[in-house]
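So, here's a batch of structures to check.
Common to both upcoming complexes is chain A, partnered first by chain B, then by chain C.
Here is the complex of A and B:
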């Protein structure tokens, strides 16, 4: 009698192997991140350059006697116009960086030539994207801390509210901001050149979410549209937590929609990823440049 | 034996190379029409927040501070 040989794969997918793949992606991204230390220069310069555009505009609009500033303070309720602007511009930069970093994670790996071979391995595919997010959150936290330190030292901006509430609001925003990044990453791998989509999404945040002005001064239809963007709630809640000492109770009207958007975008991001994975298997899109 | 190259660079070949590169870039640019269209909207995207910011500094449509 001849012995039967059943073909077996060397890969044995399970929770542990998925975790190992996830850890390996985090480690790889961290090595790449620290291998090119020139990002430190960008980390120091960018938090200053973009907000300065609006801070200098605000100074010009205030006039030599500061009469315009009195109107701005009455309109916004903000006592520190620099702090008011920094919160909005930081949220914009956060979303912008996530779209370029997480959104283009798979595409960059494809261009590097490693995506297709990794994709063929019996690993949890979503870990390629999720693993990229860990080092990105660390670098983004550094970006926000450097922003706070620079504007504290150079412009005397101080947080009058609760730092813990500010952190809580930012943590609540992570699912919405990164969920959008996940959905975006799958879209990018499908359409290849997606710079226009980044410009569109960050443009919507710039116009509708009130990064440098209160949403209340927008026309009615624009205010209605702004309610569908999580960044509107994030900016409002961050300003309230940082400068008006708002507690959990006061922040709830912003936190609830922020978390709801988070659930929506995480589900949308994961679903888009699964759709892209299926499509890639059928059309060979992973190997197409 | 003296080595000679087949290419004979002169002003005309330089111009041709310049033209070919410009043509290639032009083709790549229009290969992704969405990127080209998005360029049209860039001025609107960057100017609109400044317009609304100006409104936040104005009373009855008058930016008196800026006018000074």
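Here is the complex of A and C:
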């Protein structure tokens, strides 16, 4: 049999095709996520475990009649110390999960062996990383809702402020939190191992951003450093929105730096990704694990 | 449109040499420096990195509709060449065109023209079903949804995966996973296919089926670049073969043309027990013997010894005499037609699977 004419590709490039490919990455991530049932247990248990450490410590330090809390209330202005702690630990958990999840998204694909087959397609490469973010945001939203429900039921924690303002603050934090994750993901592909860097970042957030205490109690140089971490503004704004009924006007001093950090980290994340992509083509890093 | 589906000119790829791994072909990126351990120069400036040349000036011109086999041992540079052609790696120097598109400046057009199966079976998602994998990659290759659905069904049918298309890939056999990987490469119906060691790890039946499929794909008009270190596979499938070793194409011809190069030689294949290296050294001193390669057969103390000779009649008595002493015994002996492996031995002095 004589060979027929060379086959013609069925692919139709264009913006719509790229968007459909992006949707396919999100769908794939979601399907794989739901096929590991242990996530349900993690989603129920983790919101409780980490804050409990601080809540029980606070309870012990406040004395049997809770009189020790007076100083805390004077310093923070917060009457609900459990709610105060939960906001801080939730932000810490959020950044921590993003670093492990989005930050290791490409690395996990690389170790699985699927990164190269994705890279071989004509799709916009950043879709692979961006696509990981969709299911991650959904699971993180579930994490935050479960946190609120569990502490509402167990400790009677209530949001006194505007839920909408709280959502707005969290939306404003997405670019900064995930931008850092994108930059991190690209570096992990290059250096292969980045556990130490995750420990460093979450350690900085834990100490400098005031997850269980007000930043005002830190020494001057530490307070100055905390202003360079977007999580500081996020925690402050979330507490204000949730427990002091702060409106948009009052939240602006936190929202503006938060969004500015967001722009910075998104640009840094995308630039790092482009640098990594270029370097990977020179060194073959995509296929090395 | 150019008649050439794949064209590479003086393709070179160098990587930084890994310290202590015994990388061969190491050179310094500074032409005047001697390869040696990197040292820190004054003021923290580092000495130029030593480089390892994985591909060294490869030229390929592959016609449309041709199956071209790239044959060579592990580490010869086959996979690096494929990775440069499919845009995963940027050449250090030289140019390559796929379907007329430059692999560096027109990378996305190259990707649209190619279906690639890389070595190994982990190029698909084990936590997705075969069908979900194909639907996912169809979207990545920008195939419109309605067309993709039809195409996925068609390929599932063709790859005989219909019964288990909705099961997770983790439950598939190696052969089934490889069929999904090939279906993935065929999704966009690309004119050119790059198949890197496609039968590696497959059982003989699965490998035979895959070779039949490759032959069919050629009949359908696909150009196929196949890398393999199985000489029978290259011989059976390829219109032309490039033999690659230490990053260089050392011979390029039709399988028959390559074998004709050693037509005047006779290939003597011996089976020997109790083989000692000094026996080999002794045989190599015989003037009628060239390219002797000894290989152990499995776990038993049975060795296959291949050698080439211009005059088997004269050399046979000497072989028998030299081998049958000090516990070394000749078990079997044949004079065989030259294979591609013998061509490779003739060209390099070593076996493909060394």
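Note that in this section the second predicted complex is superposed on the first by the 276 of 289 C-alpha atoms of A that agree within 3 Å, B and C clash if a C-alpha of one lies under 4 Å from a C-alpha of the other, contacts with A are read in each partner's own complex, and residues count from 1 in each chain.
Quick note on the criterion: a contact is a pair of C-beta atoms (placed from the backbone, for glycine too) under 8 Å apart; a residue touches a chain by one contact, two chains touch by 3 or more.
Bear in mind the structure is a predicted one, so any value in this text is a computation, not a measurement.
**Q** Of the two partner chains, chain B (first) and chain C (second), which one does A:163 touch, if any: first, second, both, or neither?
**A** Neither partner.
**Q** Kindly classify A:253 by the partners it touches after superposition: chain B alone (first), chain C alone (second), both, or neither?
**A** After superposition on chain A, A:253 lies in contact with neither partner.
**Q** Does chain B (first) or chain C (second) touch A:152, or do both, or does neither?
**A** Neither partner.
**Q** Does chain A have more residues touched by chain B or by chain C?
**A** In the superposed model, C touches more residues of chain A.
**Q** Check whether A:31 is in contact with chain B, with chain C, with both or with neither, and answer first, second, both or neither.
**A** Second partner only.
**Q** Tell me the contact category for A:12 with respect to chain B and chain C: first, second, both or neither.
**A** second
**Q** Mind working out whether A:69 is in touch with chain B, chain C, both or neither, as first, second, both or neither?
**A** First partner only.
**Q** Looking at the overlay, what does A:213 touch: chain B (first), chain C (second), both, or neither?
**A** In the superposition, A:213 contacts chain B only.
**Q** Shared contact residues on chain A for chain B and chain C?
**A** After superposing on chain A, no chain A residue contacts both chain B and chain C.
**Q** Sort out for me which residues of chain A touch chain C in the complex.
**A** 1, 3-14, 17-18, 20-21, 23-24, 27-28, 31-32, 35-36, 112-114, 116-123, 281-284, 286-287
**Q** Can you list the residues on chain B that touch chain A in the complex?
**A** Per the stated touch rule, the residues are 32, 34-35, 37-38, 41-42, 45-46, 48-50, 52-59, 63-68.
**Q** List the residues on chain C that touch chain A in their complex, please.
**A** Contact set of chain C toward chain A: 5, 15-16, 64-65, 80, 83, 86-90, 108-109, 111-114, 116, 118, 120, 122-128, 132, 135-137, 139-145, 147-148, 151, 168, 181, 184, 187-191, 218-223.
**Q** In their complex, what parts of chain A are in touch with chain B?
**A** 54, 57-58, 60-69, 71-72, 75-76, 193, 195-197, 199-200, 203, 206-207, 211-214, 217-218
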